[in-house]
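The letters A, B, C, D, E, F, G, H, I and J name the chains in turn, as written, and every chain counts its residues from 1.
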Amino acid sequence: MNKLEMTQAIMVAKENKQLQWEKIAEVIGMSTVWTTSACLGMNSMPAEKARALCELLELPAEVKTALEAYPIKNWDESVPKDPLIYRLYEIVGVYGPTLKEVIQEKFGDGIMSAIDFNMSVEREHDPKGDRVVVTMNGKFLPYKAW
Amino acid sequence: MNKLEMTQAIMVAKENKQLQWEKIAEVIGMSTVWTTSACLGMNSMPAEKARALCELLELPAEVKTALEAYPIKNWDESVPKDPLIYRLYEIVGVYGPTLKEVIQEKFGDGIMSAIDFNMSVEREHDPKGDRVVVTMNGKFLPYKAW
Amino acid sequence: MNKLEMTQAIMVAKENKQLQWEKIAEVIGMSTVWTTSACLGMNSMPAEKARALCELLELPAEVKTALEAYPIKNWDESVPKDPLIYRLYEIVGVYGPTLKEVIQEKFGDGIMSAIDFNMSVEREHDPKGDRVVVTMNGKFLPYKAW
Amino acid sequence: MNKLEMTQAIMVAKENKQLQWEKIAEVIGMSTVWTTSACLGMNSMPAEKARALCELLELPAEVKTALEAYPIKNWDESVPKDPLIYRLYEIVGVYGPTLKEVIQEKFGDGIMSAIDFNMSVEREHDPKGDRVVVTMNGKFLPYKAW
Amino acid sequence: MNKLEMTQAIMVAKENKQLQWEKIAEVIGMSTVWTTSACLGMNSMPAEKARALCELLELPAEVKTALEAYPIKNWDESVPKDPLIYRLYEIVGVYGPTLKEVIQEKFGDGIMSAIDFNMSVEREHDPKGDRVVVTMNGKFLPYKAW
Amino acid sequence: MNKLEMTQAIMVAKENKQLQWEKIAEVIGMSTVWTTSACLGMNSMPAEKARALCELLELPAEVKTALEAYPIKNWDESVPKDPLIYRLYEIVGVYGPTLKEVIQEKFGDGIMSAIDFNMSVEREHDPKGDRVVVTMNGKFLPYKAW
Amino acid sequence: MNKLEMTQAIMVAKENKQLQWEKIAEVIGMSTVWTTSACLGMNSMPAEKARALCELLELPAEVKTALEAYPIKNWDESVPKDPLIYRLYEIVGVYGPTLKEVIQEKFGDGIMSAIDFNMSVEREHDPKGDRVVVTMNGKFLPYKAW
Amino acid sequence: MNKLEMTQAIMVAKENKQLQWEKIAEVIGMSTVWTTSACLGMNSMPAEKARALCELLELPAEVKTALEAYPIKNWDESVPKDPLIYRLYEIVGVYGPTLKEVIQEKFGDGIMSAIDFNMSVEREHDPKGDRVVVTMNGKFLPYKAW
Amino acid sequence: MNKLEMTQAIMVAKENKQLQWEKIAEVIGMSTVWTTSACLGMNSMPAEKARALCELLELPAEVKTALEAYPIKNWDESVPKDPLIYRLYEIVGVYGPTLKEVIQEKFGDGIMSAIDFNMSVEREHDPKGDRVVVTMNGKFLPYKAW
Amino acid sequence: MNKLEMTQAIMVAKENKQLQWEKIAEVIGMSTVWTTSACLGMNSMPAEKARALCELLELPAEVKTALEAYPIKNWDESVPKDPLIYRLYEIVGVYGPTLKEVIQEKFGDGIMSAIDFNMSVEREHDPKGDRVVVTMNGKFLPYKAW
């Protein structure tokens, strides 16, 4: 069973049981974003987490094996088109050089890791319309001279 | 004076006065990220903010005019190459569909605005290496049926 | 049933019943453009509208479920090739900077939303050949400073 | 004087005289969108209109000549990046096949001309936030069999 | 039956009956180029022509329906590779600006329509090697000012 | 003097003398399309033709030398954007496979040469709007087996 | 049977009979390169050659028909990636302008035909390592003025 | 002096002295193709050859230095457009897989080197039109297992 | 059996037998990197190595045949997206010109062969986090003048 | 002074003093690869190293400032064309998935850092032709679950 079939199996089970990502994540004791990304095939799950998820969703052992596999992280569109994802891409385009200026001023020459990294999404209530708050948290990695 | 020349003038003045973006932002009473992005030509400044910035950096009136101009927001590389900016692009690629799942589960069918939007960068101290925390905050916009 | 299969099922039923988009839209009490776009998989339908549409076209429950699903809005061709759609693309290319000038002069720095948005198509009779009138109506979203 | 230099000359004069596109268009007796597009180099102006515009803005004869020249209509970005223009591109991507369905249902096999074409922009007041209304009006051209 | 399957059915029947495009076109009373393009799925056929073609080739009703359907005109290769088609592309690249100069000198600012358009291919005998003569005939569409 | 400077010199002289391509071609005894393409830098001129053209336009010897030089035939846009030239590209996309079918049916396996080639443009009067007639004439080159 | 299936059938038969391209070509009385290219679907075979090849490889009549069909010459990668083929592409990139200089100096303004063309591959023994010798032979086609 | 300026200096001197590449190559005792490619900046010249060339063309020492410099071998167009160079690209596309089959059948798994490589161009007289003969000669490099 | 099916068969057998690439390579007496690349279809295996591998993994003869076949070395993504592979691509982008400077300073004008080439991966223990050491070893190939 | 001008100044001084990268690196007490990359503008130099380099090469203070600046790491060609650099790109394409298999087998799910990274180039003497040995050494970064 490959990652694509794994995702489809999880989606069907999630729909049938009427579970939300937030609930699934809570049950297996991990964050919502990471749990979702592993179910979409973009992260590998430690064995005990994969077991807990398969128990909750009553999925067979091959889903567990697929969840543990190390993924090839790929995406189809160099420039994404779905409006929700495009807006994130646009933010990187518009604010990328700004973030480079501000991060390197605070930390020196280096980058924010996308590997030693986590992310969360929260809902902020606002009378003019609720707001999405996305927080990215990555280790600063300084360039080394040698 | 176009936005490019404006940015160069600001960079030289900032270097000469040994000011940081954080300090400049504080003086004009705005956030660091927004102030930097306006100075890099990616946002327009209200007149009073542009005036305050030009006073602080002792820059002529044409810089003020250029800061107030509505920018054409453009970027050269569809897929960015600088490692710091590429990591942000990679995060959008790896986690974009995850964010779509999680945001639409929490809010319904719609997007996070990149226009009614703000962003901040913080330093989180960590004994295993300090961490960069980037927070994005955008209004949720639901799709309307008509 | 995915959105693609849903569209095919609707197309076959529409053909068999000899119904037009305009009529279908009228029956479910929505506009022609929005109804068509939801049937082509580019918008999600509220439950009662999906039910009305499936009753009219005598389609099974899984079509209703597919109509309600939040779509991934994607398109194959970065530059469209079908002449009717290419002409729209060409209009954006030729008149895009003009619209930016005119909209920002009228409203200030910001954009026309493509989310809080609706569109209609009308036929204008003209002795020299009838004309297509496309009206786009989107909320103005001003850039916020922070 | 090429079209680029012409646009720059007009922009400076317009700024100095504090004139808006709407006013300029009114004085020369043409629509705002068309007048702006001709000043941005995307349409050629009839001699009398070019003369009126140069008189209003006190511009020399070579601007008039450049306004009359037949333009090469070109644009830099196959996929535009400025958010205001990208939203228009996104609308073509999301609603292009819908418009093809609806237009061809109303008119038969053919296209909306982008040549025998005009466009306008209006402001619609709305308590929840004003709206941009863009109207495109093009002659329907049926495919001919031969 | 989609256009692709329709083309395959026509090709098989044409091969079996050893008919040429020129003969098929003559029987249905249309030109060779247009008839071929409709059979390749790039134009829609009026009902009586589709009926005549299906009678000649002894093809079922679903081919007739497919011939009448309005096509999505698309092509796989932005830059074609087959040498015969590439040469046509090369001619557009090499002579495109020349044709713009010559057509606009003769007709004013505008274009040759690709919709109100027809085309023919003839064989010209020549002792040094026969020649292909392709004639394109399209309505001139002037740009309108408004 | 390179081809680009040559074209600019010719354009200025042509404008000053109020000559049309058709007239220039007639004077040097060549066709309008070929003469224009050579002046735009896409063909090399035999010495006597270059001399005649420079005499007519009163241009210096270096223009003559540039006209005789063998050009590098290049064009900027893989997919052209100017509407007049795009329509020609669209015709190649829509009718390319049709022309391959028809030409190879008439001539056998091979191509129409774009080198041993000529082209003309004529105006066809028509009460419903005049028409552009473009004729391409190229030697048929059969593929050789060896 | 399409060209792809034809190639697969030939490859299997060739493997089973342990025949080399050179031998196959010799038996049908054609060159190795041309015979291989026809078997890979990039050239059409005259009937008698196709018959001889099918007899040698004991292939059915539909392979013969497929060999005679006029091919659509296409290739997947605009820039090839297999190292053997990339090196040929690199040679065109590095030496293309050199060949243009040298050929046009020897022959005048024109090209080497890729249609009236043949090619061979030989092995040259060399104590420092044997060498591949590829010879391309194409008719010179001069540009015609008209 | 960079390679581009070097090429321009050589071109002017060659034109003034009315020398051909073949003659220049003969005088410095190298092949025509290699000499031309070095003058176009695509190969580095040994010191004595650079000296001989500069003496012949009466060029200053900085040209000699530029000729000796190791070039960055680059080319502008991933898919070349000039017809003479495109035909070479087309040959690689059409015959690339054929050459892979034939070379690997003769030599085993490996490639023809584009580094330990030479090339020549000859004119073959033919009553039906003279022919260009291009010969490429590269060392066979077998893949090594380790 | 093609290379893709071969890889899948090897992966399943490797998983079932719980063997690592390092162990497989040791058994057949080759390096880990080369063995893995041959199993992924990017190198051809000599017969005795393919036999040993199939014995170890208990795979049928058709896997052995597929391992011996000469591969078409291709990859899907011109710019790879998986983070592990992208980092290697980034290193080529950031350090490519540096390696050109350093290699050509040490060796003269030429390249490092990617054909007469081998590579290894080692783990270097480090208290601050273990390190990956990749060693590439390719024959220097000097450019030849001719 | 930007990085580009800095590189040019260093190149001229290095040429005049006839120094090699290896020697320059030795004098400032850093590795050859890192020193070269900083001089080519792809790494920032600590102040004392920049001072030492400018003293050695007798370069002014603005070169020192430019060496210390944090670079924007960019490269022109998504797919490099210079043969030496292309071979490195080809190695990533051919062996990328192999390295992913081998590294993740040795280390678990994660990547080799391109930031906490160093590289060296050595010459290996070999009677069949000397070899280039490139060693890349990067910290392993495991993906974190959260």
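Assume a contact is a pair of C-beta atoms (placed from the backbone, for glycine too) under 8 Å apart; a residue touches a chain by one contact, two chains touch by 3 or more.
Each chain and its UniProt protein: A, B, C, D, E, F, G, H, I, J = Cyanate hydratase.
None of these values were measured; they are calculated from a predicted model.
Listed by label, the chains that touch chain H (Cyanate hydratase) and also chain I (Cyanate hydratase) are G, J. The best fit of Cα atoms from chain B (Cyanate hydratase) onto chain J (Cyanate hydratase) calls for a rotation angle of 70°, in steps of 5. The contact pattern of B-D recurs in B-J, the pair among B-J, G-H or H-I where over half of the contact pairs coincide by residue number. Centres computed as Cα averages put chain F (Cyanate hydratase) at a distance of 49 Å from chain J (Cyanate hydratase). Mean C-alpha position of chain A (Cyanate hydratase) lies 31 Å from that of chain C (Cyanate hydratase). Among all residues of chain D (Cyanate hydratase), those that touch two or more other chains are 72-73, 75, 78-79, 81-83, 90, 93-94, 100, 104, 110-111, 113-115, 117, 141. Interchain contacts (touch definition given at top) occur between A-B, A-C, A-D, A-I, A-J, B-C, B-D, B-I, B-J, C-D, C-E, C-F, D-E, D-F, E-F, E-G, E-H, F-G, F-H, G-H, G-I, G-J, H-I, H-J, I-J. Listing the residues of chain D (Cyanate hydratase) that touch chain F (Cyanate hydratase) in their complex gives 72-75, 78, 114-115.
Contact residues of chain B (Cyanate hydratase) toward chain A (Cyanate hydratase) in the complex are 20-22, 32-33, 36-37, 40, 42, 73, 75, 78-80, 82-85, 87-107, 110-114, 117, 119, 121, 123-124, 126, 128-141. Of all the residues in chain B (Cyanate hydratase), the ones that touch chain C (Cyanate hydratase) in their complex are 30-31, 34, 38, 43-46, 49, 70, 72, 100, 104, 108-111, 113, 115-118, 141-146. Residues of chain E (Cyanate hydratase) that touch chain G (Cyanate hydratase) in their complex: 77, 79, 81-83. The touching residues of chain A (Cyanate hydratase), counted against chain D (Cyanate hydratase) in their complex, run 79, 81, 83, 86, 90, 93-94.
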